[in-house]
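Next come two complexes built around subunit A: one with subunit B, the other with subunit C.
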Partner chain A sequence: MKDQRDRGNQYFSPRLDQAAPDLFKDNLGSRHRRGSIWKVVFQISTVIGIIALATLILKIFNDTMGYAAIEYKQPPSTLAAGETSLDLMTCDQLWPILAANVSANRLRTIERDTPRESLSQQDCYNLVLYEVAEPKAKQTWSLLASIFNFEEIQAIVDEKYPEGDLEFKVWLNKSFIVSPQSDDPLRAGIKTAILGSLFIIVIVILFSFPIGVAASIYLEEYATQNRFNRIIQTNINNLAGVPSIIYGMLGLAVFVRFLEPITSGTLFGIGDPTTANGRTILSAGLTLSLLILPVVIINGQEAIRAVPNSLRQASYGMGASKWQTVWSHVLPNALPGILTGTILAVSRAFGETAPLVVVGAATFITFSPENIFSKFTSVPIQIYQWTARPQDAFQNIAAAAIIVLLILLLVLNATAVLLRNRYSRRW
Partner chain B sequence: MLETNPREFSPTTDENEYLDLKSRPRIHETIIKGFLIFSGVFSILTTIGIVLFLGQEALRFFTDPQVSLVEFFTGTVWQPQIYRFGILPLLSATIMSSLIAMCVAIPLGLCVAIYLSEYASPRFRGIIKPALEILAGIPTVVLGFFALTFMTPLLRSILGNDTVQIYNVFSAGIVMGILILPLISSMTEDALHAVPSSLREGAYGLGATRLEVSTQVVVPAAISGIAAAIILGVSRAIGEAMIVAIAAGAGPNFTINPFEAAETMTGHIVRISGGDISYDSLDYNSLFAIALMLFIFTLILNIISQRIIRRFREEYE
Partner chain C sequence: MNLSIHLDTTVNHAVVQEIEDDNLVPAIEAISLNVYYADFLAVREVDIAIQKQKITALIGPSGCGKSTVLRAFNRMNDLIPVARTEGEVLFHGQNIYSQGVDPVEVRKRIGMVFQKPNPFPKSIYDNIAWGARINGFQGKKSQMDDLVEQTLLGAALWDEVKDKLQDSGLSLSGGQQQRLCIARTIAVRPDIILMDEPCSALDPISTLKIEELMRDLSDDYTIIIVTHNMQQAARVSDFTAFFTLTEDRAGVLMEYGNTTDLFTNPKQQVTEDYITGRFG
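What follows is the complex of A and B.
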């Protein structure tokens, strides 16, 4: 019996005439076996996809907090001189420490920039910390390593940084959100970048939403089936597949160089005289607008197409003109879909990095953008620059910035989904 | 007959005595329509802008006496400082990283799509598909960070620090595959889903197993949609910039060893344009030549993919 099964797969075995039912059964077994093997393969592939996503998110969270070996020029414990620890002192207690430890010139500068009366306890503490204690993050560990290998880390710190302290740092904290960019990872924050991103996004919305919706109305409601309109449609589909970096090059050539008088603001006399070139928020916003325009149009078309024809016919039947029909009947019904599509497209613009690097995001700015003619940086640009730095701590603040970026994107996407679920109507 | 508004009715003295229902000219509607048409045409202006400006700067590059067209396409050294402009090192790195990405994304993407479309329950599918689409929506700079700080250390701990350099094409390629996986699986799943279920029922009726139905009936029926997805994935891989800019290395390197650092076309554009670059230098113009090539590659791939999709749609609708 076993012998027969082993040869079961040979279709033209001599036993064919005598034992056909058996042969069929044997074949069935191997087919089912193959079926279940492949089912496992398919399942594993799906699991790998999910694992990739989970690993990515875990890895980033893992980097946002953990132990850090920090060396001080003057440890806070010696500064506090045995009394209460520095972070609990009031501003009045802290100020003498600051005055005693920095040069007279420096103290004058500090007082001029930040008058003492305006400082909160936290501000005073930070001043003393960064002006006097001057912490430097020498080496950092991830959260998992901090939890499971604490002794090892302690040993490394004791050996390599005898002067240093081992502190548990949460890199994503309030001061990270509200501080401007800095050269020191312990002080660096993402405020400049968040503001830059928001400025850019506002321009993107102001520019791509009207033109995108108008184009989709034209293509769906006005355009007749002719060669010209087919070319427009094909062209939009092709533009949607052009790599983002090409749009960056286009923005560099057109907005930054060709239209420099406009995009630098010199034409209106309000440009930033220190930079006076086209590498501004306006250029970046216009570049990203071009990038997402095809996506906005395609999504808008789908939303408009979903409005049933009976609505239009009823409107025409009442004597409405074409535009009246579109404005009062088609658009209100298509709007949730159009908004959802636009928000999704905008969230893509929010995460774009390469075109902004090409258009000329500033490598280092510490001041917030004032108007659309300012130099700019954005959250993804900031992540890119921090990732490129070799020191450990920059990797941690890059991870913290990624969390900020992902949360902002999540909010945008959740809005889009809510809009769709709340207002979309099925016809 | 009402005769209150003579403008709306033809004069009774005239021979044609009927209502004039001709639409009156509406100037504001004409203006609005003009704006709508302009918006529609705007996309064509974008394309013309891309071709014109990229072409113009690229032309300046190619007509420069320091540059020869033959060297550009056959040279194996890209060193703008000494006026050597051979695109092959950049091109080979682009091809290598895309190839690695596709080796990850195609088999995994197809398996995931077949599983979701043919095996999974609608509920499971409803959870997994959006989850994978989240993966597709993650900004590429985040994936670049992931490649450099997770994938590369992982590879180095498996294969040894001597074989794997800190910046290498391999980890960038794998992470790019993770990026493209949802694109392929999502499009393929749509294609598989569009296959009429009568085909499946027929095959089951003949006694086929689920695997046989999936791979010998459904997949062949959806093959054009799958091909379109794969081509679009390749186009995406070639044009992807941030992952390779962060993880694949800075500096053109003509090599076929994926564990070495090498710079792709997109990575080169990002690095050079991110630094201080003076307009109208040969360096600056060369970026446009690279970008033009990139544009042409991806455009061809996109057009092929769209052709295939259009044919596919005609089959089942």
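What follows is the complex of A and C.
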């Protein structure tokens, strides 16, 4: 403290000290010190956040690839009979192997479902692989374990699965993206879930965006300040914080049960009788729309409030009506904010699981949804279901599905940023 | 005609200044105008008749209600939820506050220019054309082009912007922006233009240009200007109204008359104190 003061006095005459020696204490040193301490606190907080995020991503990536002990009913090497490996053979070479190893009935069924002429080499290979070789993933290891403990893994496989092969598997691959759900983790894919999620999101956008924006315009530009409107405003703010499972209960009661004829499509005569119980994409989409509606409204209000009042005044001052003012000035200038808020809310809906469980997402569907009255599953539901399975390999494909979900969310959020930059103006 | 100014008797001042001029016709007239913000009386018992095709300056210390009076002339105070207006404002013999008068129509006939230049974040062309469009302009594209050109010529801005009509109005300098705001106001062809401290955010050169423009415009339009700058009021206006505060902070009209008379020979001590810079 003392030398700080002396240092200061080297350059400047001590005016404060002279004027009121008792009223001011020289605290420059402690002020700087306090500032440095807080700066370190902020840095530590940031580092903790980064570590948490990195751990999450590392953990997920760690599970998406690694060694797997796979046992075959008939190993591919014996099937190929020493000629070459199965995945390099042509369809013409593969077909006899298939024909020789499945029953005549099964072969007829395969030929009826997938005529041989329409099959690519990859399809033929998959047919032989899954119909004849029938691989089973017995145990899987994470990427880090695969890299650092290879010998140990080798020993375990030799001891426990003498018949099995040790293969390095990348669980997040093309066939994982384009395959439907299956109860075999080696064949299971995320296609049905992605399609279900996309269907739901389209419905969410179609419902929550227009309704939310219209409501926020009304509340900001038209509603007068009275008790009734204040109550509405408070309720909207509170609804934004209601746990999503509650919305699931609401969706179950209203859309699945009460509005069943509409949500199952029987009213329009296009519903599938097997799903005609209201547990459809439409019900899920409407439930999630309700869930994010308060958030969309609040974001819309914020964006509208951020439009400078001088623009409204200028517009009114020229004899514009309220609607002309809103349409020509308020909305165009609030649009970037409204879009950003809506997309962020939509990405929240994209990752929601709990309400969909209540509304009745199917956890096991092998066919893609055809229309909004179809049964559905979604990516988070699929992840939830896979992580609940005891087998090792399901944990790996759950991790792969998480990566897919994160990428889809990233794309949505990037769209939000792009829209904001594209339309943002200054005034 | 005789123009009589009645001051509120409750403040124990009474000045009646008589303006003798047969050419004067009132364009808009406030009678016993009271404006409240919630329970607060901001403007008390203002009686003022604004003369047609003249420039009237409203001056006075901060908080004396001159802007409130100005905004009362085209019902801009309606946009403030707590504001309440009593009394009458006669425009073409019609009280603009009576039942059935549409404030949108009032504001179309009585335009307004604001303190901070606030062009729309649109092109210069659209800044002018928008007002015409919303007020029912039915002409062809070429007629709209003419209207924009004539309006910008009228606002002494055409030469500076004719090559960049599609640029944003916000790309102009502050003074040009303010002239653009005046231009878009006259594009709607109002009777009266209200200006709320139009030069307070501008440099002296831009201010001078706006003042010149106001003199030109006063051939066709009635202009009411609120200003803090007394030299500006003296330079530009034909009539000046001096407002001040009473003890309960309500604004009152203290003195109103010919600008030259008011500045050279004020009738009220408080007016003299203000214009000589002793307070305010």
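Structure notes:
Here, the second predicted complex is superposed on the first by the 375 of 427 C-alpha atoms of A that agree within 3 Å, B and C clash if a C-alpha of one lies under 4 Å from a C-alpha of the other, contacts with A are read in each partner's own complex, and residues count from 1 in each chain.
The rule is short, and it goes like this: a residue touches a chain if its C-beta (ideal position, glycine included) is under 8 Å from a C-beta of that chain, and two chains touch if they have at least 3 such contacts.
A quick note: this is a predicted structure, and the numbers were derived from the prediction, not measured.
Look at A:V41: by the touch rule set out above, it reaches subunit B but stays clear of subunit C. When the two structures are aligned on the shared chain, A:N237 is found in touch with subunit B, with no touch to subunit C.
By the touch criterion defined above, A:Y222 lies against subunit B but remains apart from subunit C after alignment on the C-alpha atoms of chain A.
Subunit A is touched at more residues by one of its partners, and among subunit B and subunit C that partner is B. Legend: residue contacts after superposition of the two complexes on their common chain; A:S321 is shown touching both subunit B and subunit C.
In the superposed pair of complexes, A:I147 makes contact with neither subunit B nor subunit C. Once the two complexes are overlaid on chain A, the subunit A residues touched by subunit B in the first and by subunit C in the second are 321.
Contact residues of subunit A toward subunit B in the complex are 31-32, 34-35, 38-39, 41-46, 48-50, 52-53, 55-56, 59-60, 63, 210-212, 214-215, 217-219, 222-223, 229, 231-232, 234-239, 241-246, 248-250, 252-254, 257-258, 290, 293-294, 297, 321-323, 347-348, 350-354, 357-358, 360, 363, 380, 383-384, 387-388, 395, 398-399, 402, 405-406, 409, 413.
Contacts from subunit B toward subunit A in the complex involve residues 23, 26, 29, 32-33, 35-44, 46-47, 49-50, 53-54, 56-57, 107-108, 111-112, 114-116, 119-120, 128, 131-132, 134-135, 137-146, 148-150, 178, 181-182, 185, 209-212, 215, 232, 235-236, 238-242, 245-246, 266, 269-270, 273-274, 279, 287-288, 291, 294-295, 298-299, 301-303, 305-306.
Listing the residues of subunit A that touch subunit C in their complex gives 224-225, 308, 310-321, 324, 328-329, 332-333, 425-427. Touching subunit A in their complex are the following residues of subunit C: 74, 76, 79, 81, 104-105, 107-109, 111-114, 116, 118-121, 130-131, 134-135, 170, 181, 184-185, 188, 190.
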